[in-house]
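Each of the next two complexes has subunit A plus one more chain, namely subunit B in the first and subunit C in the second.
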Partner chain A sequence: MAKNTGSSAFRRVDVDQFSEEKYEEEAVAEDEANGPNETDIQRILNEGRNFDALLHALNTAPLSTKNQLVKERVVQTVLKVLLTFKSNEIDVAVKSLDQPQLDLLMKYIYRGFEYPSDGSSAQLLTWHEKVFSVGGLGCIIRVLTDRKRV
Partner chain B sequence: MPDTFSFGIDPLTCHAWNHDHSQLALSPNNHEVHVYKWSDGKWKLSDVLAEHVQRVTGIDWAPKSNRIVTCGVDRNAYVWTLQPDGKWKPALVILRINRAATCVKWSPLETKFAVGSGARLISVCYFEQENDWWVSKHIKKPIRSTVTCIDWHPNNILLACGSSDFKARVFSAYIKEVDEKPNATSWGSKMPFGNLMAEFSNGSGGWVHGISFSASGEKVAWVGHDSSISVVNAADGSKLTTLKTDSLPFVTLTWIKENNIVVAGYDCSPAVFSYDGENVVLIARLDDSETKQQQGSKFSAMKHFRSLDNRATVESNDTTLETVHQNTVTQVTIYAGTKANCTKCSTSGIDGQLVIWDLRSLENSGSNSA
Partner chain C sequence: MSTTLQPYLKAVRQTLTAAICLENFSSQVVERHNKPEVEVRTSKELLLTPVTISRNEKEKVLIEGSINSLRISIAIKQADEIEKILCHKFMRFMMMRAENFIVLRRKPVEGYDISFLITNFHTEQMYKHKVVDFIIHFMEEIDKEMSEMKLAVNSRARISAEEFLKRF
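Up next is the complex of A and B:
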């Protein structure tokens, strides 16, 4: 027998990679954005301007980048901002956001649940409840369907 | 008050009306198509069209030529013609697809029909007299995933399609054997078969579930799984406007006036939106007024005894929804009128109900912004 039939390496080939029907994600122009500067955020938080810190974080969110590390770092930053808010400040903050920002905030809330710390889940659930009352089910659906992951 | 008809407990995947809505064709989520005739104030089953071997995914009834076209998961489409003895005779259409067919629509002049499929292409079929059979031509590029919905432009040439690659596209389906050379439209002037006239994406993800050309063909609207409604106005430089709603996603839509669309989907309740060139806004929920008015406090006593009667339980833990449809709406179709001026529309749902909604009451309640 000329063929090497002893090796079972062929079983580990991912045949779906070679399927001509494989869906290729559209190549979106990658953004160089690195997300909000952490020291900036910390400075704004120290000044007690929680809402401004949140706005800055949402406006500089690295949506187009493929760099996972950047995304992870930004999630931690935003989580810190979200946890700095007092429960009674959340309502006012949520009401002042516009629709795209609301959707983005909901994405960060769900990401925040992935990194539980002492009391973080309760705070995030409060955030979730307030954002849900304004954004509705559509807001949550968009967290699931939006291709631009956070 | 909407007219509700129940066709059993099976979901209604799709439905279609004949020209004067005296007959109704629907599929109860299986391989059959049931044809009902309206007589003595009821829908009576007049025929069962059972030629498909797998689930039927689309039905369309041509009003003038009175032919029904059906397509199914078995990769086939059949054109049904009414025989003098009252029976429907099927004619198989070879679509040449290797995946399920998902949707089918007759063209406005009923000379051709288009079938969307999971094979990532659209089959446009026309009848060839010499061989006495239906021939299909494929539109493939640049569709990259299943075609979920299609709709014809009134000029019988252009075809809009939505796909699970998150895009809405307008193609030319010009077939020289059956079509006259078309005049230029706002979508373009060169329309060879399969030409991509326009491609749109609303920026975020979400499969396109339903798509519809307006009565004039100048606008196309679609609904996506990201709970959005998007409208493109070709007359205004193909401007794209998207509304991200706060409800569950819509799966079906149709224009009912030049500037109004009715949508329905997972929230089980049809709603009317209006497009004024700049924004898409909600103007009415078809379900709201009637049912809410009946929710008086006396209703809970009746509900209590009814649940006691039906289920021998004293719990008022009712799973009944407040909306007329008790589950997702699968399709909304014009019942009376045209896309330019629709007076009634019908919705079929997973709850096995077919409901006819009167849109004229919208105008009376002063929410008419057309």
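Up next is the complex of A and C:
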């Protein structure tokens, strides 16, 4: 049978992308936020103010940027902060955080698990337990469902 | 090192309890079909953030959730060659009988040793907390069984070598 079209490229078009019901990630204005300044954090840690370093990191988290490198770098910084805490300091720190900060902290804990190093997982497990006792299952569910990944 | 076992299992249990909230959801792409979205992965809005929990560099658990299904992948500690072979054979044995396990996946996810797939149909038929109990119990028992098998292999090897060398 003779083809009535010159090319059959139309067969390779993905028509689903033009569907009106297709989900599009909310186009959030890409924030130029680059996360906390590492030298700042290092300075605060050297002064021994662990909790302040944590607060600074949580308040300057790069949630809306799409740059993966920035996010990776910030995860490493926050991981460093989390590992400097001593076990007895964790309790106090967790109790003085509010709900959104707890959720953000939990996100960082889970990201921290992806880069296990000597003893880091044990410390992170302690963090996880303490945050869970304050935040509960809701905290974990918000980490799983939030589209703003850390 | 074994002091991290209980916190590790507790963290996995808590995350599983949170992620096992599943509901029925028919396929948006094909009519009259109902597929586990975590396996199909065609619609980004139906997938949850995948989450890892690690005990050390070798042992970790990956939990991927979605609206109607949950995939749990476990990486088991394998310290030497014998454990690697034993683990591989043991997991293969179980995965071949995946139908009887109901929640087991026939192939492990890349980078892990064994995977479970739990769908909303499973949670409708079985108690969620019991399914979570099963997975945690599985993780505990695996390590014990592996060390038992390793000991058995070593002692059998020693006995058979002894018998053989008695001839000389």
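Convention: the second predicted complex is superposed on the first by the 129 of 150 C-alpha atoms of A that agree within 3 Å, B and C clash if a C-alpha of one lies under 4 Å from a C-alpha of the other, contacts with A are read in each partner's own complex, and residues count from 1 in each chain.
Please note the rule applied: contacts are C-beta pairs under 8 Å (C-beta built on N, C-alpha and C of every residue); 3 or more make two chains touch, one makes a residue touch a chain.
Since the structure is predicted, the reported quantities are computational estimates derived from the model, not experimental observations.
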Broader residue contact with subunit A after superposition on the shared chain, subunit B or subunit C: C
A:S121 touches, of subunit B and subunit C: first, second, both or neither? second
Which of subunit B and subunit C A:F10 touches, first, second, both or neither: neither
Subunit B versus subunit C as contact partner of A:D146, first or second or both or neither: both
Touching partner for A:F18 - first (subunit B), second (subunit C), both, neither: neither
Subunit B versus subunit C as contact partner of A:L137, first or second or both or neither: both
Partner chain in contact with A:Q99 - subunit B first, subunit C second, else both or neither: first
Subunit C-contacting residues of subunit A that also contact subunit B: 23, 137, 141, 145-146
Subunit B to subunit A touching residues, read off their complex: 120, 144-145, 165-166, 204-206, 224-228, 244-249, 267
Touch list for subunit A against partner subunit B, complex: 21, 23-24, 99, 103, 135-139, 141-142, 145-148
In the complex, subunit C residues that touch subunit A: 3-4, 7-8, 10-11, 14-15, 17-19, 21, 29, 43-45, 48-49, 51-57, 60, 65
Complex contact set, residues of subunit A against subunit C: 16, 23, 25, 110, 113-114, 116-117, 121-122, 125-126, 128-129, 132, 137, 140-141, 143-146, 149
